[in-house]
Amino acid sequence: MSTPTTWRKPPFIQSPALRWLFILSVAAYVIGTIATLPIDWERTSEGFARAGRIFSGAFPPSFDRSGLMISGFMESLKIAILATTLGMILSVPLAFMAARNVSPKPVYFLGRGIFILARSFHPVIVAIIFVKAVGFGPLAGALTLTIYSIGFVAKLLAERIEEIDFGQVEAIRSAGAPFLSTMVYAILPQIMPRLVGLGIYQLDSNLRASAVVGIVGAGGIGATLANAFGRYDYDFALAITMVIVGAILISEAVSGVIRKRMT
Amino acid sequence: MTTDRAQDWARFTPAERLRRYLVMLAATVVVVWALSSIDVIWEWVWDAPIQLADLFARMVPPDPTNLPSILEATWQTINIATIATMLAILLSLPVAYISAQNTTPNRACLWIGRFILVSSRSVNTIIWALLFVAIFGPGIIAGIIAIMFRSIGFLGKLLGEAIEEIDHAPIEALEACGASRFKTVIYGIVPQVMPAFFAVSILRWDINLRESTVLGLVGAGGIGIILQGAIDTFQWQEVSMVLITILALVISGEVISSTLRKKLL
Amino acid sequence: MLEIKNLVKRYGKGAPVLKDLNLLVQGEQLMSIIGSSGAGKSTLLRCVNRLVEPTEGSITLNGTDITKLAAKDLRRARRRIGMVFQGFNLVDRLSVMENVQSGRLGYISTWAAITRRYPAADIERAFELMERVGIAQYADKRADELSGGERQRVGVVRALMQRPEILLADEPTASLDPKTSEQIMTLLRDLARELNLPVIINIHNVTEAKEFSDRIVGMRYGRIIFDDKPAALDAAQMDEIYAGTPSEDRQEIGAVA
């Protein structure tokens, strides 16, 4: 009997043909894509000089027009608050619609369809459509973030409703309660903590998003930032970015603390 | 007595009730403040549904004449997301390594790592894109770098957490065999974080696919450029065609990533 | 030959866990260390390959003073000391062969480690040892697919792959059921004889210790209070090793106990 003196690690893909096909196609994709990317290398190589100019223009950050910055930030905050409120109000019925265990099939598919639609489009795309429909400004921003909130809150809330203890619903129903009372007594108490938690989380994430949708004209501090960039005011742009980052860190911390306290 | 108590029943104690009212009052005040001071023209608000309906009416039917160039831009969008995710994965590995408490070589590295993660994560992809469009000029390279910068923070943070959660016992055994630090990493840490690594990378690719669709709106390449062009020229039927394409792209991205996750993990 | 002289280990500012400990292990013998939890058995073993840094004293293995080695020389010294752990400490997501070969990590190049291209001699030895302990058929299985006893066999083979001059086993059977536990002990005893290898085992099960060892060391509160042939261990000494704290020690240990 002889002891083997060779050993190879069994490959992740068993069939050698398939393995090589996989390796080659990944390599071909990477090389092919990088080679055919429409990149203007000349323009790109100028970039480093430009980066130097931009950064030297950005330092020190300028807080001279802090009035503009504060009003921009307050507008972002208002957009976030209104969008969260409206989003939550709309999310509750939508979540009930999209919960498999409480609604009939057609309504369920309609509900799912609505929030798949709401989730698939990046808020910036939604914003640019709303800006065209209702004009520049915070209204477009608030509408955008309402859609954004629905996509997130309604989905998670629907999943929560699908997890509820259905015995409670049956108990209330067997007591002869009508539809709405059943919802209020048997389901709402079970999903309430999740609803509040989602609301706080969503306020935080709306505040982040409102900085972004402003860039395409939907109001708030993002609009201020985009203007500063457009006018090559890099020191002001840096100041705004710092404020945005600071606000995000604070709001993340606050919402984290509140959510931890509640549970 | 018993009947008295029944009549006195209330769901909350007075203190609880007061607190609930105060929280509700505060919430109402905040919403009213936001409503009353926000800078909108209310006639426009009441008009909004009509305007929206009007816009959507102009979008149907979608116009497929530009479909070839839309599809080409879609392909470009996928490439931006994929290449940027690959680069970000490579770059995030050392960042994750130095920003995990149990593998960082020293305090200074830990703080450098943390700083990279926080700055990358708190600036949105679009803002990164604005910056890189200013630096490298409009085009795909600005988009790739923007997505990459944002992804490093995301991947680095989650991978760093995965490294912090590994089981230390095998590491001790490898050290006892006389393995060097690097070999300990390869045999002890890498196999343990592999599942998290795949999960996080796939998740980020999915997110990046969505984010790549909007890069073009600030000039950083991809399908967003066509969308912007169509909107600027009021080609609403082409806009709806682009939107449908984006919807298909995002949904297929989600399907692909969830299949990959199931296959690999 | 392993010689431990005046070994002291103190964690932080607390009372020492090992107090001026002396021990000489010569030739191929299976030595068991018994003692209640907190007696310092595990710390003692880990001081030998410096997974735990000794505070004072010297540990000499066949002429090398281990306590004085810098990083690179320490790794070389560790290759000569095999260790088997209570929790097996295998890398779960690697195959059995990779776990076994990780015992050679101190010898092979980094490139060979990354690409898993192990030297033919190592592979041959791995198969021989796995055959010997009865796990050769699992070479390509993932370590976490194996049962406890099988996993500990992998741990033993990994340690033996180092071609160690001494084998340390930290409660190698504590996570196993009685039958498997006995199999592993038999295996360790037989291997010690076959390979002329001194083996030091920390063990809780005194019956097993008496059955399998050539020599038993009893520890209490950082000191060796018994050191003799298994036959010499009687009930009175057992009581002393496992009984409550004697008064003069009690003050010294204070909060640590």
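Order of writing sets the labels: A, B and C. Residues in every chain begin at 1.
Just so it is clear, contacts are C-beta pairs under 8 Å (C-beta built on N, C-alpha and C of every residue); 3 or more make two chains touch, one makes a residue touch a chain.
Because the structure is a prediction, the values reported are computed rather than measured.
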Most contacted chain pair (by C-beta pair count): A-B
Middle chain, criterion being Cα centroid separation: B
Furthest chain, CA centroid comparison against subunit C: A
Centre-to-centre distance between subunit B and subunit A (centres being mean Cα positions), rounded to whole Å: 6
Subunit A and subunit C, separation of their C-alpha mean positions in angstrom: 53
Chain centre separation in whole Å, for subunit C relative to subunit B (CA means): 49
For subunit C, residues that touch 2 or more chains besides their own: 98
In the complex, subunit A residues that touch subunit C: 3-10
Interface residues, subunit A side, partner subunit B - complex: 29-30, 33-34, 37-40, 43-44, 46-47, 50-51, 54, 75, 77-79, 81-82, 85, 116-117, 120-122, 124-125, 128-130, 132-135, 137-139, 142-143, 208, 211-212, 215-216, 219, 225-226, 229, 234, 241, 244-245, 248-249
Touch list for subunit B against partner subunit A, complex: 30-31, 33-35, 37-41, 44-45, 47-48, 51-52, 54-55, 76, 79, 82-83, 86, 118-119, 122-124, 126-127, 130-131, 134-137, 139-141, 210-211, 213-214, 217-218, 224, 227-228, 231, 239, 243, 246-247, 250-251
Residues on subunit C engaged by subunit B in the complex (per definition of touch): 49, 51, 75-79, 81-83, 85, 87, 89-94, 98, 102-106, 110, 113-114, 155, 158-159, 162
Interfacial residue positions of subunit C with respect to subunit A in the complex: 95, 97-98, 116, 118, 120-121, 123-124, 126-128, 131, 139-140
